[in-house]
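Sharing a structure here in structure tokens format.
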Amino acid sequence: MIRLPEPKAATLAKRDAIIAGLRRILRDSGVIAEAARLKPYEMDGLTAFRQPPLAVALPETTEQLAAVLRFLNQEGVRVIPRGAGTSLSGGALPLADGVVIGMMRMNRILEIDYDDRFAVVQAGVTNLGITAAMQSDGFFYAPDPSSQLACMIGGNVAMNSGGAHCLKYGVTANNLLGLKIVTIEGEILDIGGMHLDAAGYDWLGLLTGSEGQLAMVSEVTVRILRAAEGQRAMLAAFRSNEIAGACVDRIIGSGIIPVALEFMDRPAIHACEDFAHAGYPLDAEALLIIEVEGSVAEQDELLGRIRAMCDEFDPISCRVSQSAEESAAIWKGRKGAFGAVGRISPDYLCMDGTIPTGQLPLVLRRIGEMSDHYRLKVANIFHAGDGNLHPLIMFDANDADSFHRAEAFGADILCLCVEVGGCLTGEHGVGVEKRDLMHRQFTEIELDQQRAIKSAFDPDWLLNPAKVFPLVAA
Amino acid sequence: MQTNFSVEQLRDSDNAASNSVLRTCVHCGFCTATCPTFVLLGDELDSPRGRIYLIKEMLESGKPATEEVVRHVDRCLSCLSCMTTCPSGVNYMHLVDHARRYIEETYKRPWPERLMRGALGRVLPHPRLFRLALRGAALARPAAGLIPTGTMTGKRLQAMLSLAPAKLPPQSAAQKPQIHRAEGARRGRVALLTGCAQTVLAPSINEATIRLLTRLGIEVVIPAAIGCCGALTHHMGQHDPAMAAARAAITGWTREIEGEGLDAILINTSGCGTTVKDYGFMFRDAPPAEAAQAKRVAALAADISEYLVRIGYQPQRPAPDLTVAYHSACSLQHGQKITSAPKDLLKTAGFSVVEPRDPHLCCGSAGTYNIMQPEIAGQLRSRKLATLKDRRPDLIAAGNIGCITQLSGDGMPVLHTVELLDWMAGGPRPDAIGQSDV
Amino acid sequence: MIAMAERSDIAAADEAELAVLVAQAATDRRPLLVQGFGSKSGMLRPVQADATISTRRLSGVTLYSPRELVISALAGTPLDEIEAVLRQSGQQLTAEPPDLSGLLGSDAGQSWGGMVAGNLSGPRRIAWGATRDHVMGIRVINGRGEVIRSGGRVLKNVTGLDLCKLLAGSQGTLGIMTEITLKVLPAPATTGAIIIRGLDANQGVSALSAALGSPFGVSGAAFLPSWAAETIPALGSQSVTIIRIEDFPHSVAYRLDQLSGVLARFGRAETLDDLTSRAVWKAIRDVTPLRPGASEAVWHLSTRPSHGPQLLALIEAAGARGIMDWGGGRIWAAGPGTEAVHGTVMRAVRDLGGHFTLMRAPDSLRTAVPVVPEEAPALAALTRRVKAAMDPAGIFNPGRLYAGL
């Protein structure tokens, strides 16, 4: 079990008063305080760690959120921001003396402007909900984390979420114009706006990916883009992970940047096919999903060139999607991949390191060796184009030993990523899960610098404590 | 997901089944996004993932259900949208069915609610009683304004009265147990589940089904002694009445299967279809012979739209210039995964077919839900009607009497898909469309 | 040990020496003017410092992996040198950083670190992101003389707080970047542009908006009033609304053709060939039409694109002139370097929503006025606290962004 900070005795002692205070702001319907009803809030998408919170608060407006934060700050109560609770790094893991602030009720789209290409949405709008509101007009919001159906934009900002298409369109940080944030003191601040690149410090950039350490996000102004004329995916199946890795290197090196370049190994292919029935090649050891966009002729030209490059690597098969439905099924499989692994294993740990793409074959081989060593299966799903790896380590939570092996296996993979020049997390965030590995990537001085910046926003360390930074100073 | 059942607990078949459902869940949260109550209420506890967790804790504890858990399980529509979304293949239906039964057996509800649930379970599945009750409701309607709506019970009574039609259609002889012979050469033989509430509320649906099938050369059997399929009580957690009703149906159909034989057991109320198709699971612990019968019945069960696609459907009339907004009943799209068949059939019939935004969201009908949870059901109804009307249709089609009742009364004709198919294949123009050209 | 007291212009030989110098300055509370080659020293507010500390001797590309789309170089590396290295592999800096030597009146040349510290981006920003969007990793010396790394050399990284973004655009006020890694992309095989002549600013921005709202991947969208168009040989004497496509040759031809159709309602679209397009877009990137006089001020304004024409009209009424880029969302403006005109600019930006940066002005003006908008009190407090977190002794570029900071 992960180590969490000692609950503050003073907070626990005035639990009733805290709940009464929250109810004054949010009425009964916005506060959850009974033990049985707090249980389902004890974890997010990372099931390895659990801790019910002191209470859950569900504000419906920015003003309510500000009032709640002001109150909790006065009382010195720790705060755990939560969106859809899909974090795979335990970003929303509660503390026994902490109040979870759930943003799910702030789920309205406030404004969409096609002329100036932005949308203003509340933090609890789902990622896909933004695109869904505008796709009939041909526009979309680009970052597309695999959990985009459920995950909320506030959480995307907190984690700087990426996705399959960020090779071309960038991650969350590259697609924001403005934020409405609430500080721990309960101050409502507008950052950025409907324009690009203000001078002064890049608050937008600093807040994005700050994992709820600096402030809470209540509204987001996103850049929206007109979708290309069309897109088509191609499935290229290979005889080994290494060969597929080499093919990725070849494509990127050629000067073509596909909009998406995804990698799956055999266990992942089988689990996803079972869920999505996308026609993934079940005889392949490794599969690349390569997507291009543009007019049909442009797609043909690009796919032709990519196909020729794949052919240099003796593929088992190359198949180009023939319809929108087929493409949708291909992506449904890929985006449901993590959950689909639930079909072959009761539990998994999802890693998220990034490596220089040239190291792909080496890292894949080493992961295979570790899998033998720890006697745990692993399904590999990667954003190959940008080197962001998602090895899914399969274990059985009802078997404590297998969980401990899975944890050690995961740590080994992440250390390997750092060792070859990469990082611990590409898009899921440090959360609680990788907190204690931060020393592998940063020196104590570097961590202290980051802590000092956190303290500038949150002097008493009430915002999402026990995440991101190793516990020592927290 | 980790579970904490004792070895002793796992000896219980229901616990064992729920344990394996829970083990499949990886807590990814995808299901929350497509859950109607989560979208409306914005609380993890009113999402599938939250309920799965509440149920897990409740079952593991082995203690009686508490009000805190019951409230959230009761708010579940059992629309099964979460099962369509779930990448891991979690069988939420079996889990929530178990939870409802567990609650029914261990939790003492406040007496007005107990009374109401008992009455619904006794009346709705029995056409004679249901008709009487509806007559009573029609009489009581002028007094509806006198019911205080400050309490949940008041709201529920109001909801019940507002759902009851002012005028009941005349009884239909076609629905009585009998054999409807095929016109011309017999191409097939099916049993039709005429249903319980449907026979009272809209006999035209069964009439249209029978006309259409016999015209297509299918003999339609309505076996005696089959009333409700058990779905209504099953969804209220009333295990014994549900099993008794299901057992009667299985016996009746088995007689036909082993007699002249059946190509299919047809169901035109998709809520029932989901349950009949699950008989194999419901009777998994029954004596082997009965379990085998249940499995056989489940395997033969088919929605009318599924069957029509199988045997081929062609219209006989020129295409009407009508736009149909197709409302996909949850039991059809999520429970039975039938999504394209009804739309394809309507298109073949000559209608132009449109779909509302968020077609995966429930209309709020959900068996007795619109009575027991009138506020949420009302919000879902408004939302559904608004998104349907956005598409500017002439009428709405659905494959489930519950949805049809729920969506009616807003000025837009709501029909069963099969009534439209029958019309275009030579049957009479459905009354609901009216005689003038729409 | 280098004794700083005797020297007012120090160029450290390496990162370690720089760190020692900074630590010493911090101990002594001696303010430092931080710069690369000094090409942007006329921007923003003048810095009152005891000494100038330069990164110009920290020079050279330290890592270039074309297949992994990354390049690292020491902060004092001339930008020209890096662009030449990239060209050899058919790659480029995605954000198209401008060469503002003409605009700022400096021929010092631009350093790698200066480009990032200023977060300046060219026309392509609107499609492919700003310079800050491509910063993958930095090494920076903080105000305690400690070497801090943030990010790394991989394309996706959310490990810890993103100090890369915080430092990019911080104008040397938070730390001294010593090495920076950027994501790079293949340079397009071809470019092309279409222009429509004679539109007014409102029509021009509507046309740009239609182009940017089309599915054809526009990578540049600018409006040049007639006086500005006249300064570019290929464009002639009428106002020019110009839209760029960059891609493979077939695609460029196809998309320009489609765009001409999309924009037909605004006027006849003419096509510029590859070479002409490149030349014109370089002129727009480097803001050559503006040609500010010695006593004039230059502003960089950012606003909601559809508010661009109104903003332009307001500053024109005050005697300034400007060209619009980023589909109308950015205005490069020049005009009399007086408090009155600057006041108009500040009010116009405040009323219409947006941001200004005083890029160049007589010292008297840039000392006296806010050079970027004042932040709301709570935000200004955060600015002070974050500055203190990075630079507790307040030695880096004091006063450059805000008076007293």
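We call the chains A, B and C, going by the order they appear; numbering starts again at 1 in every chain.
Throughout what follows, contacts are C-beta pairs under 8 Å (C-beta built on N, C-alpha and C of every residue); 3 or more make two chains touch, one makes a residue touch a chain.
Everything numeric in this text was worked out from a predicted model, so none of it was measured.
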item: For chain A and chain B, chains touching each; value: none
item: Central chain of the complex, centres being mean CA coordinates; value: A
item: Best-connected chain pair, where connection means C-beta pairs in contact; value: A-C
item: Centroid-based (C-alpha) most distant chain relative to chain C; value: B
item: Distance between the centres, which are taken as Cα means, of chain B and chain A, whole angstrom; value: 37
item: Distance between the centres, which are taken as Cα means, of chain C and chain B, whole angstrom; value: 62
item: Centre distance in Å when chain A and chain C are each reduced to the mean of their C-alpha atoms; value: 30
item: Multi-partner residues of chain B (each touching 2 or more other chains); value: none
item: For the chain A and chain B complex, residues of the former touching the latter; value: 32, 34, 36-37, 39-41, 43-45, 47, 56, 58, 84-86, 102, 104-105, 107, 124, 126, 128, 147, 149-151, 274-275, 336-343, 346-348, 397-398
item: Residue numbers on chain C that touch chain A, as the complex places them; value: 65-70, 90, 119, 121, 125-126, 129-130, 132-133, 142, 146-166, 168-171, 174, 185-186, 189, 209, 212-217, 248, 250-251, 254, 300, 302-306, 326, 329-330, 353-357, 372-373, 375-376, 378-379, 382-383, 385-386, 388-390, 401
item: Touching residues on chain A, where the partner in the complex is chain C; value: 114-117, 138-139, 159-160, 162, 166-167, 170-171, 173-174, 183, 185, 187, 189-191, 193-206, 208-210, 213-214, 226-229, 249, 252-253, 255-257, 294-295, 297-298, 301, 354-358, 383, 386-388, 421-430, 434, 438, 441-442, 445-447, 449-450, 452-457, 468
item: Chain A-touching residues of chain B, taken from the complex the two chains share; value: 1-3, 23-34, 38-39, 41-45, 49-50, 53-54, 57, 66, 68-69, 72, 85-90
